[in-house]
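I am attaching a structure below and will ask some questions about it afterwards.
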Amino acid sequence: MSEPRVITFREALREALAEEMERDERTFLMGEEVGHYGGAYKVSDGLLARFGERRVIDTPIAETGFAGVGIGAAMVGLRPIIEFMTWNFALTAFDQLVNNAAKLRYMSNGQFMLPIVFRGPSGAAHALGAQHSQALESLFAHVPGLKVVVPSTPADGKGLLKAAIRDDDPVCFMESEVMYALKGPVPAAEHLVALGVADVKRPGRDLTVVTWGKMVHVALEAAEALAGEGIDAEVLDLRTIRPLDAAAILDSVAKTHRCLIVQEGWPFAGVAAEVATLVASEAFDLLDAPPVRVTSLDVPMPYAQSLERVVLPSPERTIAAARRLVGHDAPAPRAAASVR
Amino acid sequence: MSEPRVITFREALREALAEEMERDERTFLMGEEVGHYGGAYKVSDGLLARFGERRVIDTPIAETGFAGVGIGAAMVGLRPIIEFMTWNFALTAFDQLVNNAAKLRYMSNGQFMLPIVFRGPSGAAHALGAQHSQALESLFAHVPGLKVVVPSTPADGKGLLKAAIRDDDPVCFMESEVMYALKGPVPAAEHLVALGVADVKRPGRDLTVVTWGKMVHVALEAAEALAGEGIDAEVLDLRTIRPLDAAAILDSVAKTHRCLIVQEGWPFAGVAAEVATLVASEAFDLLDAPPVRVTSLDVPMPYAQSLERVVLPSPERTIAAARRLVGHDAPAPRAAASVR
Amino acid sequence: MDAALLQGLYRQMLLARRFEEAAARAYAQGKIKGFLHLYIGQEAVAAGAISAAAPTDYIVATYREHAHYLARTGDARGAMAELYGKATGCVGGRGGSMHLFDARRRFLGGWAIVGGHLPIAAGVAFASKYRGEDDATLCFFGDGTANMGAFHEGLALASQWKLPVLFICENNQYAMGTPLYRTLAVDDVAVRARGYPIEAEIVNGDDVLEVREAVRHAIEHMRREPRPFFLEAKTYRFRGHSVADPAKYRTREEVQKWMERDPLKVLAERMATLGITTDEQLKAVDDDVRAEVQDAVEFAEQSPAPAADTVEEHVYV
Amino acid sequence: MDAALLQGLYRQMLLARRFEEAAARAYAQGKIKGFLHLYIGQEAVAAGAISAAAPTDYIVATYREHAHYLARTGDARGAMAELYGKATGCVGGRGGSMHLFDARRRFLGGWAIVGGHLPIAAGVAFASKYRGEDDATLCFFGDGTANMGAFHEGLALASQWKLPVLFICENNQYAMGTPLYRTLAVDDVAVRARGYPIEAEIVNGDDVLEVREAVRHAIEHMRREPRPFFLEAKTYRFRGHSVADPAKYRTREEVQKWMERDPLKVLAERMATLGITTDEQLKAVDDDVRAEVQDAVEFAEQSPAPAADTVEEHVYV
């Protein structure tokens, strides 16, 4: 019964949506093309047929409008799941998330809960250009009152989405176009992954690679290659960005004494900087080398693959940074942007 | 002629606006209440009378609309100055700044310049509550394609605003309600302060306090008190957040071996984390102690003064952090939020 | 004409008026901080509209919401204490004048980003319809809000989904220092509603009964068959945008003209003509209301400020 | 009726058609990546509108802008190379299909956040008026854009400030898989324009001359006296939203019905009736256009990809 089947990330998310909608009648899914079309990326395919138009709601193109509708509905006890076709478009609803959703509970002195999930793909796919390729978790994670979740596997995707839907605070749940087809084992039985708990995706002794979402796979690929060189990297998947599992990061670094952070987004004031600062201030005396970031270059995303390829963090750049970090012979790498 | 007069921050900004509008007919000021009302905070008082309705334009409440109008006008060669009554409201235009202004030059392969300044007050004043008290520079500084300037004195305010208006890239210029009445010497003659150049506001030997904007005054007050205890703090005013003057930070830390960062905004993935990461990775072997952040607590801003007071960084919290940092006896302080 | 009704509305409006006059004094004494947006002159809109609603209908308002809060909750102490930033305030001193809430009494704020609460109100109405409940949602906002994208999206979704939300535009002729004609190329905000399309009506916002009647009629329809309505109430604020605003942008004559339409004056005269009140009775109501406000002020002054060590509570559940 | 004009328009539309057919083939071969939004079926709108504008009038468009770019610039090579992500593309491979620009020829994008470019177009028109120049700005967008806040704010400011911008709504009946009736409670997008108020007209978007005439007339007015106009062109896209979309949400009958209105077919028939073309001539035009497209494809294929070491150029001046 509960032995895992291998399904895609997309199917795992769909199961989470279906199970939670089955479980709680207050839960509904709303967004562009989520119903009749089955979702721009087919995550919600079949849910309209199963739950009907009352609970699977196609919206006009009006992110501020339907994000606000979700907030209002959550204020009075519903548990909305708002899909942004991609998080790039959520920037047109930024005010609703940052000025309203993140503030309500605090400024009402705890009178209101806001059990709402905003979800959709974030980050680069392939050649989608500057306006459609942004990894935006750092922007939302900066804001107290929001929670931010970025899953990396089908099992985590299902477990974290279910937990996010049951959470009583606003959660920004960031998926990835290029991961929807990714396959992995997912428990058939009830499967929940608590928010705020990181996961060691690969244990190792020589350095800790802190990462999340799509980059977990870049880190794992790099770790395999490094193993061949006798460098044993631990890959720590944050899974939840806010709240951050600081203890898990510090525990791992206490063991490895070296910390590399791999982040898809832009370097400046990103989550990677938060992790680096945490490690530098909390584990300073345990570190054998400064924390190092591997991130996207500090540029808008170019369309041409020849350029996009060098912008995004790659196993190669991760391997090079890890070698420097472990060797600690080469001069400490310059700011993330130039870590190639 | 060029000996400085003492004027307010507000007057200094007004001079910058007037001089640049005088100098370049392509420059105009647009925003809510900037004309007939003279500006919600009176920065543009008198400019309508001087330049007329063609160049000082009152707008409806439509931030996305007039931010976009500014971008379009800048695309074809005008040099707009767009005032946001406060930066909190700019979040309703976030898409225009992040998806359009920041991307245009890159995605047009350099065909377009975007000489536009978005300006207005950012950060807490007094008891304005959760939606009106946000220090938002970290959000905008995360985005390549934007420049971010946060002045701290009347002279810098004038010189940086003039430089921002002459700059050919989009600049987010963040002022402060509580600083508008601040007085200081400002050269009467032409006065420009280059973007991207930090400024030592107080030289010192024992630790470097990296800060910007309103917090410069908190840091200076703390530095005075620390001097009484024999702790000689250098106060480095970044002035421009993006591009960041990394060299100035590293030079100062190379001298003091200790770095404290004072930031008004929220701790998580803020500019302070970027500075701490820079110092930790570039000056690791020069540091006698981990970099420490003093920031706002990780909460939306409460209205009650008894709470607002403890949320914002204070000279007291800065002094306490500096003592710990220099003594380095007490355990390294935990994440910024809990640095009281 | 129901005498008790008129007398009740009069008292409600007067309570809001005296409450804000007291708040303005406290502000002048530095006891209230931040922004303070007075509703003085507009009282008929909140009083008339909310009196027409059931206690179970939802209210969503702006930063200029003292009168709405009082009309719904009657809680002068909680409101005044909140303006004072005290722990006994209706949101414990965390919200302030612009962010009053009372979940139990379905008063859903207190929002201060122009336009942002219209989609939220549509969402509250969405929830009612989703649950098959016939509660209506009343959403108040100003004339200056009509150009915001959130206004457009809120109305568009409410219309598309036939949500039982009543959009009440309190057209007080100004957005801060900007007269409406400088930001709206049509004469009435209501014209905008028709493009969605949402049935719109324009009323004299200084006539509490006219407002009440229009809202009653709209809610009646909404209960029978969920759909949005739009009401534009023409009124005027006698004070500045906030207490910090001297309001130099208006001529004394203009203000005078509108003051003759003072909703309290208008109603008092009507009650007199109807013979359902006397100067003595009006005086008695005023004394009574002043006492209630005085009690609220004393309550606020004597209440403790929120304890610093609670500052990190209520960010998350 | 000017024969050369019709022949020119026909060639323009056919060039767009063949260009996109070639792009679709290249996409199928994996030579073009990312999103590719085809305009096939809608060619009369871009061709008619842009032919009515002076080369100095500004064009602002969406991610579905190949035909607009070609109509303004004639640069098939630069466009195809851009789709291929080559250094010789009109924006050096940095933009891609959704972000074509040509500053010199006043083609201002290529924007891919729905609605975001309407205020930008208003700003371009603002600049013309500011400088006292009589250039008009043509802003193209789809039917699905009508509910976005940016649409509202762009129209509101253009109306308030009387900006010489022509908003051209390409109503192809669908926003991705969503038919207009499911997102618009009024029959015509044009109805929305009247609330600002902006003079609006509805035309048959598959009749290139009707589009051209309406745009000519609007621009004529705008030059005489700056103010916005709104044009709704009813048309249909024959392909999916993007090449990745099988468009299962439409019935074959529906597509058939619209294909009978194929703007190329309509124009060819009209030219035949007018006796200003023959099948041979049409064939010749097609050969000529195919050759031009083939040349663009070869140019794109032979061009180099942008060098990796240029990746950090053009973020800032």
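By letter and in written order, the chains are A, B, C and D; residue numbering begins at 1 in each of them.
Everything below uses one rule, namely that contacts are C-beta pairs under 8 Å (C-beta built on N, C-alpha and C of every residue); 3 or more make two chains touch, one makes a residue touch a chain.
Everything quoted here is computed from the prediction, not taken from an experiment.
Asker: Farthest chain from chain B, going by the mean of C-alpha atoms per chain?
Answerer: The chain lying farthest from chain B is D.
Asker: How many Å are there between the centre of chain B and the centre of chain D, using C-alpha atoms for each centre?
Answerer: 41
Asker: Taking each chain's centre as the mean of its CA atoms, how far is chain A from chain B in angstrom?
Answerer: 30
Asker: Could you state the distance in Å from the CA-based centre of chain C to that of chain D?
Answerer: 46
Asker: Give the residues of chain C touching no fewer than two other chains, as numbers and ranges.
Answerer: 92-95, 99, 111, 113, 116, 147-150, 153, 156-157, 160, 183-184, 315
Asker: Name the residues of chain B that each touch 2 or more other chains.
Answerer: As it turns out, chain B has residues touching two or more other chains at 59-60, 62, 64-65, 88, 91-92, 95, 99, 106-107, 129-131, 144-145, 298-300, 302-303.
Asker: Taking chains as nodes and touches as edges, what kind of graph is this: line, ring, star, complete or other?
Answerer: Chain contacts: complete, every pair touches.
Asker: Hey, which residues of chain B end up touching chain A in the complex?
Answerer: 64, 88, 91-92, 94-95, 98-99, 102-103, 106-107, 129-131, 138-139, 141-145, 242, 244, 246, 265-266, 268-274, 276-278, 280-282, 284-285, 287, 289-293, 298-300, 302-303, 332-335
Asker: What residues of chain D sit close enough to touch chain B in their complex?
Answerer: Per the touch definition, chain D meets chain B at residues 58, 60, 91-95, 99, 101-103, 108-111, 113, 116-128, 130-131, 149-150, 153-154, 156-157, 160, 313-317.
Asker: Touching residues of chain D toward chain C in the complex: what are they?
Answerer: 146-153, 156-157, 159-160, 183-186, 191-192, 194-197
Asker: In the complex, go through chain A and note every residue touching chain D.
Answerer: 32-33, 36-37, 40, 58-62, 64-65, 88-89, 91-92, 125-132, 297-300, 302-307, 309-311
Asker: Can you check the complex and tell me which residues of chain B touch chain D?
Answerer: By the definition above, chain B touches chain D via 28, 54, 59-60, 62, 64-78, 80, 95-96, 99-100, 104-113, 144-145, 147, 167-169.
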